[in-house]
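Below you'll find the structure, written out as structure tokens, and then a few comments.
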């Protein structure tokens, strides 16, 4: 069962800058990836060329944000001991950011399945992230 | 009790662009505000002038992001019927964005209490947001 | 009769940052909205797909700037006493920024009439702005 | 005598993107330069180190915007025949953008007199701009 | 014969900010222009409408970067004595930035020949740049 | 012996977007890192508080650009077979981007030696990059 978001305690800080402030949260990447998936679904359901062009413009930006948020986690949050404990972590981030980019990734595709796959990778990263926070 | 984030279902999408994709989430504003609070705490605990200058540079950016995420919710997510049902909503957003800005807001202050107050406003907005999502 | 711009005194400062510097000017939003209108007119007059795609890319950016400039006025320039004196102000800004966005707004439309309507809203805001400056 | 801004006709479009939409206006550069001047005045009147750091952060951004708006006019608005008719135009823009930058310019100085000098250059450019619009 | 890049000494600094740091390098503009040319070639070779829209989105950004890098060189690196020694320099920069923009420039065209012409102008600028560095 | 840059053939394209255009070049990261080093040297030689604050503002931006350019190479240019051939590549990029960031990196330090170390990492990456281009 999921508690409504406004009932979750706000004292557990997470997510990102480079002071660093110590606040990191994979939710930032996930929210953008969810947006990409929704954009792809709307794209498939709408043949209007103006709408489709706007969808591509916005998807490009959202995909870039996914890459950025993931890169920040990879470089700024994760430390050498994490990479030792989770040897798959480098590859996972590399695959996830590739999945958010051009080539066969979310930037170059309008298939919701690609966004879904990206969300799966972010979920894997998220799981490791929260394990390290509890350690 | 709070479930670890990676166990919460990802099908409930939320948060933000202007296609619109339909994904909105007050967590975006809250994460940045949590960062501001952490920056203020580190600022108060560190007298090094270089560190303090960096803290002010980054706090400026994070505060701007809070304003942006809130503005997006106010303009893009909330509809006329919401403003009717919650007559305090306009004022709440105006106060919250002011609290994230210059003057006496989080940009101009290094007092964690100001960031705390900002987080309180975002929590109020978040509560209304999730009520409207459930309606 | 309109005086050439270079003859108007430059001592009357107006427009925007969050120091705050105290300089605010609705002209910033209006110039971008005028650009949107011109883009829509050129779009309607030109069937070249490359031109049209570029027009949509640029209109997206200009619309975002309109929203940003209006949000800054709403949060940073206008104070509680203004909102008391002009009870329609919150709604006016909310409608204007919606008109600059997706849904039925200037981002989602290539109809010059939508841009014209947006310019009308900015003019209403501008009128109130200058009244408060003279008060 | 200056007419209130909201009474000036809005059909005379001016200012800037690269479609190009055909809308250009030196007011964009001038508003930012007025902000710089106001920032310098506030800086001189306030010894608080946090305020001063914020002033420098924001002045840096505003100066960059002045440079950008001027560069756009120089490259996008002015045409070969203008440069023939106004042989000083290249130098004027080069000096104005230098005055907005580092070295002895507005980025590197907190002296309102430097901002004032920058405003003077923008006024010179503005005068030529409006002459070419009437031609 | 061209030495592999990693063998070239790194002590010869060049390229850009406005401290100024003193590091300037026309390679920044050239790399973006090379990207534009490659984008045009891929555009011509690919009829997929999604790919073409993405190409136009990205070309717009890369062209803007070319303009920006050139403007920085023109305003920040080159000094009055350079403009005296190279009287064609103002015009060269104006033409090069126009060639990177709308109208008949690289933003508005998908013809690799336009990008090629832009690269030629950057090469001319680069040649003068390195002459002044050696002086 | 180093050939003047303008004599090197421009047909060997390199460097970066996500179409992808196929143009990648570690020089983009290196130029920004050289700027960081120069900024640190100027910082150490100048006690003026305004200059120092500006140096920190600009160094923050340049460091962010280094991180961005390196992330792009890591995700977009390098492919699975490269990571197999160069097993140290993941760690190298992670260390290099950490060195460009907060904590003990170039954002948080004004010591030219840190920038020098960052340049060394970029050189290592650059060497591998050019080897893979020749393969």
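To keep things simple, chains are lettered A, B, C, D, E and F as they appear, and every chain counts its residues starting from 1.
Just so we're on the same page, a contact is a pair of C-beta atoms (placed from the backbone, for glycine too) under 8 Å apart; a residue touches a chain by one contact, two chains touch by 3 or more.
Source: prediction; values computed, not measured.
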Point to revise | Touching subunit C and also subunit D, the following chains | key: B, E
**Study point:** Touching subunit E and also subunit F, the following chains
**Key:** A, D
Check your understanding: When the Cα trace of subunit B is superposed on that of subunit D, what is the rotation angle, expressed as a multiple of 5 degrees?
Key -> 120
Review point. At the place where copies subunit D and subunit F touch, is the share of residue numbers found on both sides over half (same) or under half (different)?
Key: different
Exercise for review: Measure off the straight-line distance from the CA centroid of subunit B to the CA centroid of subunit F, and report it in whole Å.
Suggested key: 33
Review point. Which integer distance in Å separates the CA centroid of subunit B from that of subunit E?
Key: 40
Review point. Centre to centre, by mean C-alpha position, how many angstrom separate subunit A and subunit F?
Key: 24
Exercise for review: Quick one: which residues in subunit C touch 2 or more of the other chains?
Suggested key: 17-19, 53-54, 57-58, 102, 107
Check your understanding: What pairs of chains are touching here?
Key -> A-B, A-C, A-E, A-F, B-C, B-D, B-F, C-D, C-E, D-E, D-F, E-F
Check your understanding: Can you list the residues on subunit C that touch subunit A in the complex?
Key -> 52-53, 56-57, 60, 102, 107-108, 110
Check your understanding: Which positions of subunit B touch subunit A when the two form their complex?
Key -> 2-6, 8-10, 12-19, 21-23, 25-28, 30-31, 34-35, 37-39, 42, 54-55, 58, 61-62, 119, 123, 126-127, 129-130, 134
Check your understanding: What part of subunit B is in contact with subunit C in the complex they form?
Key -> 17-20, 64, 67, 71, 74-76, 78, 83, 90-91, 94, 97-98, 101-103, 107
Study note, to complete from the structure: Residue positions on subunit A within touch of subunit C in the complex are 50-51, 53-54, 57-58
